[in-house]
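After this come two complexes, each holding subunit A, first together with subunit B and then together with subunit C.
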Partner chain A sequence: MNPESNPLKIDESPELSARVLSDISVSRPVLAFFAFAVAWLLIGTVFGLTASLKFNFPDWLGSFPALTFGRVRPAHLNAIMYGWVSLASAGCAIWLTVRLCQVEVRWRKLLYASVLLWNLGLLYGTISILTGNNQGLEWLEFPRGAAILIAVAFVCLSLSILRTFHARQVKHIYVSLWYIMASVVWFPLLYVIANLPFYSGVTQAAVNWWFAHNAITVWFTPIGLAAAYYFIPKVVGRPIYSYYLSLLGFWSFALFYNWNGIHHLVGGPLPTWLISVSIVASVLMFIPVITVAINHHLTTVGHFDKLRYSPTLRFVVFGAMCYTAVSFQGSIEALRSFSEISHFTHYTIGHAHLGMYAFVTMILFGAIYYTMPRLTKWEWPYPVLIKYHFWLVALGIGLYVGSMTIGGILQGLYMNDASRPFISSVEVTQPYLLARSLAGVLILIGHLIFIYLFSLMILRRGPERKAPPWQEEAEVIFP
Partner chain B sequence: MMFIRLSTFFLGVLATFFLGWAGLTLIPGIQIREIKPSSELKPYTDEQFSGRAIYIREGCIYCHSQQTRPEGFGADQLRNWGRPSVPGDYVYDKPHLLGTMRTGPDLFNIGARQPSEDWHLIHLYNPRALSPGSLMPPYPWLFKEEDEFSKEVHAAMGKKVVPVPKGFAPEGKVIIATQEALDLVAYLLSLNHTYPVE
Partner chain C sequence: MSLPLAGLILILIALIGGVIAMAAFIWAVRTKQFKDLNAGAYVIFDEEEPVGKVTDNIFGFPETKKPPASNKGRGKHESRKQSP
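And then the complex of A and B:
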């Protein structure tokens, strides 16, 4: 048969045709999740840069209540966490589930309902924060109405994914699916329990930080890892190094990571045993992290050349390496002796961005670069712009984390030195805060390039190609 | 066989999650529930409570903590920020405002450290009028600008004129504190936990 007349290659192999059919079944909902995710990425980045500039020019836009630092900063966090990262992770989780179960997606209408409710919740929640209706709890700022919308949206997503998983046509359940199935059970429970109105005082502080850290534990990290576990072997073209390491990695992750949250309250007015438990669990995180790092590294080793042409691999490997880095950093940061300096400072902000940006966001970029051509049946135009995107955000986040790390440690040392006035701990951070804003500008430009490319993909514009634009480059490297 | 393995999987997923939940929130919740309010801690007045809502609305927690650390852990004791805070100090706090950031100083005892209402009003109107080098945002929407000639009239009408230093307010205007500003300052002044605890 002439391959030109059968571009989807149906009938050539049953596995391939199942894959194509499942890709088609899921393309619209996944595209919807990705498109809104990208919109929230832009909104969230602009909020973030605005908040950063306010440290450099505290009187800038000073007479607009909606744009004061204390409102823009939580708007940034929520737009990024519940907007960009959550929507992109949801799209990624649906696509991976369908791929790895080799079936068409089930209960697709629930996915459309999920996108709709999710965005309504985000819009209502973000406007609420900007207009002064903030619940007062970090990571739980959205008013109850917005939280309910998001919870229902998440349950819709979970039901569709679990139903698809139940209908799977494969015997072997790949490691990515463990993380996804655990995640879609965990997060709705977590979000609902944390939003219950029963708590007050220091108990509420414990619930608050159990939630905030567990949002990373049970939702952002598992999806990031599921994507890394899928895309690294996929692009490299060899199976994951060790199944048993994956098993150890998953269960030690599930067991220890759920106990980490209270290290956010080191030195605070909570029972000492409680904080100690979280510190111990944070240090035990070395086990799952090293396990995953070894597994990913030994899968990639010998194939690092492919980073040069595969944008997916470049973003995902960068993200996977940063997962190791941010987890090591987190384990050390939880220790009392280190926390004494780093707690209450910009160091923590740097750590948060190393996790949510350098790890999770970079992997999500990689996942989008891989899936989009399969969803739109259109190849990425302008590969050189993808390189600009990568280097702008990679340098941007490097500068961001570097400046916040050094600035934060200095801030902590000055703060803990009673012979210095408190204001010196503010003044010492200023050059680093300026560098942070510069990093924000680099990241924003990178995002604008990414959004331009993404829009071209949705509209199927740009040069028409028969193969990925980096294929020629790959053939030069691997003839 | 597959069914058993899958059930075990989801059972493990739920078990690990709820173990962490019980350990980090349920058990401490039960332990802390028996704690009584610190002896001299008073519930918030209506005015202080409204001010607390402004504190939340403007996102003060993103730069200010409300928890003092013990001796040997940071410099809180050496800076005279007050004795280490205990769970009993927070029983009336909903939502809690412990905070995780100190871009600005801890406010657990700001009412004792800076008891002047005028200082707080000027500082909220423009922090740099009193603290050069501060990165705190100004909150002009908590204030009204009115014509200067009516200063005495304002006072007679019971309005609070804020003594903003020259050069920090528009020429020929006086700055009047709104009820929101007065409530917020009432809340800040209520942050005084210098009473002893066991």
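And then the complex of A and C:
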């Protein structure tokens, strides 16, 4: 398979549709993005579980400076955010773009350059964090060199996607494409602005959280929603319930969401109006979230039996439901009265994982289950292992979010109660922290199963399953 | 670089960003992206994968488990195989 040296043109192979040809044209770059994403998923999960176990066994690995909590925890965050989620989202965005534009990808070499620079940046950044060279700002821990590499990688990705979009053969811009285009225009700008060297003090904190929340706003969430808006109707075989609502959702999302970041600093030494504006915008997020929830639910309703047969639909519907949950939770969490309890507790950690795992990661798993057979023309082997993967990570993240939510609220109530000593707010969380480590083990086992299946797919190994239409297409592509 | 100058640069970048978003919206209205919204929802389907065709049912293949007769996806895709 070498689409680069032997490009299949639409006229030369009339037996393949434009949809299949556009899939083939991105097969290699998307596989590269996915393969590195999966590698960083494993690295990030191991860091995460290590950090979690340190709450249960505080002395464990404490003699190695590189493996102390203060280094492992940011390494987990960055490996997952800029490694797994970003690389998998990039692969997903490229694939959706060529599908929805019905063209072969443009400037493919930029995509290879992007994946290379991205991984160099990640490697340099992660090693820097482990050796103690950390910028000291959450989500911006990577030293400047690594940030520059990642910014250049992202610009390469954006240019290729925008050039492909410009060459599109479909007149109508589907709602998923709106989300992707917004992402690739906005995220490079955001990342560069946040890494500029001239902030200090309170301004630095404001820029920091403006960036951290907007990374969710203009990169992780739009790609997750773009995937959900494509995969749910596509798998079920039914158009979106209300296309009008989906576009209303997109434009209200673009208008409100980028104001949200400062709600992370409720109670901080910032101008009150700045925080209030952010809280108002956070509550206004109910509008786009409800449009998305209504749309996804009413598209799937009556087709829930298909969840039994389609791994993609299982993961994506799970993720879409969690998007509604995490957004409602986020809007409430932004309120000052609620923040009094939840701020600085494990509740926030539960919220973050509900967003980045139960929503984004689950949808990315669904996207990978759908795209891989179309890229490699090989059907997933061992469907039963896919079921184990789903149930392990679904139960794992359920236990994770549940234990952090309850433990976090108790911790917040104990901290606010002046009659209790501070240590009681730590002791009360102990059983919940143990439950979290158990959840981490479940998730790690699920990921190992997924990585095994993914490796078989990349190598086209495992039992050959007769699953049209790959069979017929593979005969044309690999004669 | 002094902070006020940095602030001016940031405001300028933010304005450019806002202008891009406004331009995209006006362009979308002008090129009639918001006309006939129902048709827009159908662009993800084509002749080989029309409305009504389930495009992913890995767990439903014969090697694993026999799905009930009411499963539309499998029915469709069997008929597709038989037709040349």
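Throughout what follows, the second predicted complex is superposed on the first by the 451 of 479 C-alpha atoms of A that agree within 3 Å, B and C clash if a C-alpha of one lies under 4 Å from a C-alpha of the other, contacts with A are read in each partner's own complex, and residues count from 1 in each chain.
Going forward, a contact is a pair of C-beta atoms (placed from the backbone, for glycine too) under 8 Å apart; a residue touches a chain by one contact, two chains touch by 3 or more.
The structure presented is a predicted model; accordingly, all values stated were derived computationally and were not measured.
S.K.: Looking at the combined model built on subunit A, do subunit B and subunit C fit side by side or clash?
M.R.: Clash.
S.K.: Considering only the touch criterion stated at the top, classify A:S403 as touching first (subunit B), second (subunit C), both, or neither.
M.R.: neither
S.K.: First (subunit B), second (subunit C), both or neither: which does A:S22 touch?
M.R.: neither
S.K.: Just subunit B (first), just subunit C (second), both, or neither: which does A:Y174 touch?
M.R.: second
S.K.: A:F344 contacts which: subunit B (first), subunit C (second), both, neither?
M.R.: Only subunit B; A:F344 stays clear of subunit C.
S.K.: Is A:V236 in contact with subunit B, with subunit C, with both, or with neither (first, second, both, neither)?
M.R.: In the superposition, A:V236 touches subunit C alone.
S.K.: So, A:I193: does it touch subunit B (first), subunit C (second), both, or neither?
M.R.: both
S.K.: More subunit A residues touched by subunit B or by subunit C?
M.R.: So, of the two partners, B touches more residues of subunit A.
S.K.: Where does A:R465 make contact in the superposed view: on subunit B (first), on subunit C (second), on both, or on neither?
M.R.: second
S.K.: After lining up the shared chain so the two structures overlap, which partner does A:T312 touch, if you call subunit B first and subunit C second: first, second, both or neither?
M.R.: Second partner only, subunit C.
S.K.: Considering only touches as defined above, state whether A:T97 meets subunit B (first), subunit C (second), both or neither.
M.R.: Touch status of A:T97: no partner.
S.K.: Pick out the shared contact residues on subunit A: the ones touching subunit B in one complex and subunit C in the other.
M.R.: 181, 185-186, 189, 193, 199-200, 203, 251, 254
S.K.: Applying the document's contact rule, which stretches of subunit A touch subunit C when the two form their complex?
M.R.: By the definition above, subunit A touches subunit C via 17-19, 100, 170, 172-175, 181, 185-186, 189, 193, 196, 198-200, 203, 230, 233-240, 243-244, 246-247, 251, 254, 305-306, 308-313, 369-370, 379-380, 383-384, 386-387, 465-469.
S.K.: For subunit B, which residues are in contact with subunit A within the complex?
M.R.: Contact set of subunit B toward subunit A: 2, 9-10, 12-14, 16-17, 19-21, 23-25, 28-29, 31-33, 56-63, 65, 67, 69-70, 73-75, 78-79, 84-87, 89-98, 100-105, 127-128, 131, 133-141.
S.K.: Would you pull the subunit C residues touching subunit A in the complex into a rising list?
M.R.: It is residues 1, 3, 6, 10, 13, 17, 20-21, 24-25, 28, 33-34, 37-61, 63-64, 67, 70-74, 77, 80-81 of subunit C that touch subunit A.
S.K.: For subunit A, which residues are in contact with subunit B within the complex?
M.R.: 54-55, 58-59, 62-63, 65, 68-71, 73-74, 132-138, 171, 178, 181-182, 185-186, 189-190, 193, 199-208, 210, 214, 218, 251, 254-255, 258-259, 261-262, 264-265, 267-271, 274, 277-278, 336, 340, 343-346, 348, 415-418, 422-423, 425-427
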